[in-house]
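Note that subunit A is present in both complexes that follow, paired respectively with subunit B and with subunit C.
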Partner chain A sequence: MITMARDLPLLWPEILVLLAGAGALACEMLRLPRTALAVATALLLAATALSLPLLSLDTTVFGGTFRVDALSVWAKLILLPATVLALLLARAELAGSDREGTVYALLCFTSFGALVLAGSGDTMFLVLGVLLSGLGAFALVAYPRDDAATEAAMKFFVFASVAGAVMVFGLSYWFGATGTTLLDDLATPGLPPAAIAIGLAGMIVGLGYKASLAPFHFWAPDAYEGAPVSVAAYLSVVPKIGALFALAQVARDLPPGSGWSGAVAAVAVLTMTWGYLAALVQDNLVRLLAYSSIAQAGYFLLGIVAVGASPLALLSLVLFGAAYAAMNLGAFAIIQRSGRTLESFAGLGRARPAVGVAMVLFLLSLTGIPPLAGFVGKLLLFGAAIDANHTWLAVIAIVNSVLSLAVYLRIVVALYRQPAGAPGVPAGGALVTLVWVAALAATLLIGLAAQPLLAPLV
Partner chain B sequence: MENVYLAIALAPLVGAILAGLFGRLIGRSGAHWVTILGVGLSFLLSLLVFKHHVIDGAGAFNGTVYTWMVSDGIRMEVGFLIDRLTILMMMVVSFVSLMVHIYTIGYMHDDPGYQRFFSYIALFTFSMLMLVMSNNFLQLFFGWEAVGLVSYLLIGFWYKRPSAIYANLKAFLVNRVGDFGFLLGIAAVAMYFDTLDYADVFAAAPSMVDATIEIFQGSPWSLMTVVCILLFIGAMGKSAQVPLHVWLPDSMEGPTPISALIHAATMVTAGIFMVARMSPLFELSDTALNVVMVIGAITALFMGFLGVVQNDIKRVIAYSTLSQLGYMTVALGASAYSAAIFHLMTHAFFKALLFLAAGSVIIAMHHEQDIRRMGGLKKYMPVTYWTSLVGSLALIGFPGLAGFFSKDTIIEAVHASSLAASGFAYFAVLSGVFVTALYSFRMFFLVFHTEERFDEHTRSHLHEPPAVVTVPLILLAIPSVVAGYWIDPVVFGDYFGGAIFFSDAHPVMEELTHEFHGAWSFVLHGLTGPAFWFAMAGLFTAWYVYTRQPDLANQARNRFAWLYRVLVDKYGFDRFNEVVFAGGARGVGWLLWKAGDVVLIDGLLVNGSARVVGWTAAVARHLQSGYLYHYAFGMILGLLAFLSWFIWWG
Partner chain C sequence: MAFEKLVFYILAAILVYAATRVITVRNPVHAVLHLVLAFFTCSGLWLLLEAEFLAITLVLVYVGAVMVLFLFVVMMLDINLAPMKEGFVRYLPVGLPVALLMLLEMYLVVRAKYFGVEQMPLPPRHGADYSNTAELGGVLYTDYVYPFEIAAVILLVAIVAAIALTMRRRPDSKYQNPAQQISVRRQDRVRLVRMEADKNE
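Let's look at the complex of A and B:
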């Protein structure tokens, strides 16, 4: 057993995130929501800063059960700033509402769950992460306490419970086969294939629900629609990326030839296609982006099938993770300031040129147009899939990108259409503006600075 | 200096972003101040760069500013190649752009799209500077497309006019043809040279002289000829050479400052600049040079004729621009690259001047553009009159003015050239001089002299426009007079140094340099040459026909009715395109529509896939029923599918 004295310093970021949640809760008890926001933001930023020195590490703590490697550290560097942006969005949307501080606390706890997922080296951590990032999320969706939110949260909860149960059931077979809960031990030769298969199926259901992969995505559009926009923005980024990184952690230890990469590729095709097809007929922008975020999750799987087969795999997951977090949060921020329906976007680009240009850039980046962040991320993902001999998958992904253009251009067209009535453009608050400007800066930076960012990573 | 180069390109971009995105915030005067400051800074820094490189004699700078991506060994970069060719272009672009920015304050004074306009022209300046400063093909292409994009935006600036939208679409489509060739040319370079960097390509070019490519089985073509002709097709689109010239006259639908900046002085000369930049490639293919010379000669002469029958003041100048671009192209074909660039520079000054003067007339006449309803404006607008006179004399090549030096050099160069096409080209450029003088002074006399042909209402408001309009005219008139005396170093001296390459097989400039004995003797020599007398004959004809014997023009028109019709019809290019390309496309389209489309594509593929998409989407929507047990069912199905999959494979 390795001593606590060595392990704890490696976990400072996680500890600070927990403290951020606890601190926000304490402030809420004192009815100081602004202080809660300040405490949570400060601690999350501190946790981000403390993650930086860990970047060069590739080690484990707690006897190999939790990993401090590139994937888990990059998860912190992506998800913690994303959580800060979500906190600001939540403040802008929910300021003055009853129990405002609990939102900040729940966001921090849920992010903690996502970080646990992204670093798991053990099935117990997978289960813990899924549960931790789920419990907070149900409460966040139910926060408005109206009928729509309650129904959405209820569905989300029941769906999550079933998925979680299936996952735990499946993982118990892994425990039965290997005798330990460590993921490392899955690579041991001579394990009974049926047990591995059942465990794998259970894990895909559990993480697939969390990352909203088809056909375990049904909860997502309903939950996002019922939830506050800021919560939808958060759910579409932080727990999702956590779950996808967890899948990559598992994939690193799976024995090759167990058929898992074919299954993941099939999920990728189904998820991308289903997501964009369903997005095509949505008029509610939150639902549209919900389906778009389902489809984008399918693109992550291109990197996951290549884990172990291509040096680009982890790199592409990290880069697309950062790109996706930036562009999706940015698009949600603009929906939060301008309205949830396609109609509310009519003429926005003329009335507010800066907001219009920003939204167009987010959408083009989601499509994957150079030189924006989404392009660089997708290019690497395609490269990784082709390296791993999944060229057909890359081709389907490219075809889906064409389909996605139809999805996103509908919003662009609305932006520059003459509005039917008088343009009642709401003025965005300073916080929302801050969020989309930051997201835009990240989207442009990741796209334009591709080589400088990549060179040290490769 | 690297930061200075960067600042030169980025200053107008900052202005464009501020004026475009925050136009409402900073207001109308804010918009023109930020953009003028940005472009003004570019101009001053360009002068600094000129001092650094030309006067202080620093060598050329070739460096990468930023590496965007490295993919399969091909580096995609932003980089600058600052040699003397670039510096000359930078000064011309930033100076003319600055003049046009200032002029626009007066011209667009009452337009509701004021901030948008300034944002576009500053963005244009940025793109054009990126184009000329580039050190690689990728950035060249980026700048090429970006200036094109701004050009379409500005042609359609008054987007409520159907004619503006038509012109904008036409410019876009015709340029697509050129850009297609250009892109193929760049692709060929990338494929055979494995790099997009100018220096590497030029260094490798001589070893590729004998390389051939087989596009069609069994007929090998010289690689250099194919690459050069493809690149030149790009130049034909951008620099409006026959038969891709048809968009330029229609582009006059845009506001006049744009006609001056984009469609006369800078963007349309990008093609000329590009060919000069690529001289190490073009010098390796006589075939390509012959093609360049023939296309240029046709454009120079035949587009000039059309200027004689136009009645719209801007269109006369537009055809004159086409003809002058033809002169520059001829010079390129004759390997007289420095003469082409010199003419590009002098032309930028006097043609911008003529356009802005025409704009000044248009404002004074309340947006009347028909020269048949003008006349006698001399006494109302003295500044415009005198500056126009300078511009027109410079254009026809009156000895001592800027145009004389550059045009005479081109004519001499063609005379000295030994290429097969040079005989025809010499005839064309020489006769072109007469035509140039005829249409220029026809317009000049009809606008400023002759009796007044407008109503009392117009007369009562007729006056010289404000100083923001007249000052740029005067500032442009100065280089239109004096720029020609720079001929000694630029054309015959070693100004360009290594920036332009001549092969020993085409010693045209060497021969001319031999005969050159200073600017003054060049003027004296010009007085005895045929070009001067052709110009004088044209001027005299214009004076006699349009001021002394106005009936003569009508008689000539009746006598040569067929000729007049051909000219008014613009040789039928537009009709040909309309019938053959547009009509042919429609016909083929109709056939395909009936035969293939309705049944196969529409029925099966489009409607079919749309139906499948719609159906699947509807199914997806249906599956998203909102009932939890449906969702759970979907999940269980998925689980079963995975289990079967893994058991099967595992």
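Let's look at the complex of A and C:
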């Protein structure tokens, strides 16, 4: 029997996120976009604070359908501050545009969808989370209403519809095999392996599209390119981490003998390699970072492969999630202030040394250079994969990290190149500066604070 | 019991007739009206199965809202169905195997030893004081309240997204601002100009 009095207080963070979206909408109705931003930011920060006491819990609510465990609570602690940073970026980019407050509301609702995904203990929540974090995202991509944005949103929408349908089809096999929608029941012995495999394939398509894993990533570069930079930054962090954590939640319940870890490992290899190879030839920085974010999603899969086989798996996922959110948002913030093309970065490092150093640090962190956050996260992911007897996967990931250096160094070289023409470096707004400073602080702090965690590895 | 069977057969006959007419009548408006009849009869069947809430919802949502919308669309579009009916013979080689396959599938499901009528015992009858709606609500608002609310949020987000994309201020559209209109003063509209009278004549 379900006791509301116990379950509802555990959902306070989600309720506050919902209120943040509703509050922003109400302010938009009164044509008060600044108040909408303030309300959404305050409520999201309050939700983050209310998640802290839940950290010690490992329980479920509503009959096991939704999990309040370390992964789900850490998702809130990572994604809600990331949403706040994205809100500030959106304010800097879209201030004064029509229906500005709606953007804040949609960002909050989409984050709610990502949180639903990250805590799902039931296939219903997987489907609802994918839908909820998708619907708002289409509108955010199409927001500028020019041809590029509309085309990007169209591609995104069509891809999402097909991937979502395949996912629901696959999940229906799980329902047929277990008789319930609960993920817990997948661990029941004696289920037909074919049904589990078809369900898993459908789920990898659905969540793989959301997390832009290869070969379901084709929408990502186009959608990011057409969307406002702040929306691209948001899409590359919040829904993606939500979907990857959902995959980890599912992996916890899959029977070990069903070969799921092999399938996920294959997707990981494809995603990392494809992402970085495609990123090598991009001149548009938003596309380059889009492919880089695809490759980074492949690194997350190293942790997911190790779920259930290594105690490091959940720790590495959480740590790399936080690191990825910080460094990726920071890199996108600097693109938003300086321009979308490689040429617009020429000489930026000489004209604005602080911005240049920050961008270099974000890129080195994305590569995984110590002592930055990305290094700690990747090292733990490699450790988890080796722990789970997937040493070959870790080796491929390390080779890809070397490849990624070539991708990111192209931007670094451009930063310190002599500009061809007059140094037309635009000044960044205060909000964008605030975002990249915060992201930089997080990148450095996570990297330094997590050093003790590495002790058992070295 | 016998009366219930009689009602079932009457409703079933009307349902089959209405469903057939939906795809055979020439006039699209008549087709929609037959579809309304089919839904209505279907909800009668559900009432016989003690699914009162679903029966009422079918009438309210489908007959009341969706079909009326359909009717509007059909009346507005003014489709000429005659060309759509051509090619019946041409599509027969594809259509017939599909139809036969569907028939086979139905046979397999209904006749197999796992799904046959004798494998599905009738659920126990409920008393007159049993409320289908209350039972559904009891589950929907306790065990499933969280997914239910998320589904509601999804609908809200869909509306918000659609409005955010379509309803914008357009610089080229001409519209009246009533507040400005009623607060207008004489000085804004009429300018009195003192003219010298023409004295030449």
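Here, the second predicted complex is superposed on the first by the 450 of 458 C-alpha atoms of A that agree within 3 Å, B and C clash if a C-alpha of one lies under 4 Å from a C-alpha of the other, contacts with A are read in each partner's own complex, and residues count from 1 in each chain.
Following the convention adopted for this analysis, a contact is a pair of C-beta atoms (placed from the backbone, for glycine too) under 8 Å apart; a residue touches a chain by one contact, two chains touch by 3 or more.
Predicted, not measured: the structure shown is a model, and the values here were computed from it.
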With both structures fitted on chain A, tell me whether subunit B or subunit C touches more of subunit A's residues.
B
What is the contact status of A:221 with respect to subunit B (first) and subunit C (second): first, second, both, or neither?
first
Which partner does A:209 reach: the first (subunit B), the second (subunit C), both, or neither?
first
Let me test your reading of the model: by the given contact rule, A:201 touches which partner, first (subunit B), second (subunit C), both or neither?
first
Which partner does A:93 reach: the first (subunit B), the second (subunit C), both, or neither?
neither
Check whether A:185 is in contact with subunit B, with subunit C, with both or with neither, and answer first, second, both or neither.
neither
Under the stated touch criterion, which partner chain does A:353 make contact with: subunit B (first), subunit C (second), both, or neither?
first
Would you check which partner chain A:125 touches, where first means subunit B only, second means subunit C only, and both and neither mean what they say?
second
Where on subunit A do the contacts from subunit B and from subunit C line up?
none
Complex contacts: residues of subunit B adjacent to subunit A:
20-24, 67-70, 613-614, 616-618, 620-621, 623-624, 626, 628, 630-632, 634-635, 637-639, 642-643, 645-650
Looking at the complex, which residues from subunit A come into contact with subunit C?
2, 4, 11, 18, 25, 61-63, 65-66, 98-99, 102-103, 105-106, 109, 112, 116, 122, 124-125, 128-129, 131-132, 135-136, 138-139, 142-143, 145
In the complex, subunit A residues that touch subunit B
155, 158-159, 162-163, 166, 193-194, 196-198, 200-202, 204-205, 208-209, 214-216, 218-219, 221-222, 258-260, 262-263, 266, 274, 277-278, 280-281, 353-354, 357, 371, 376, 448, 450-452
Once bound in the complex, which stretches of subunit C touch subunit A?
142-147, 150-151, 153-154, 156-158, 160-165, 167-169
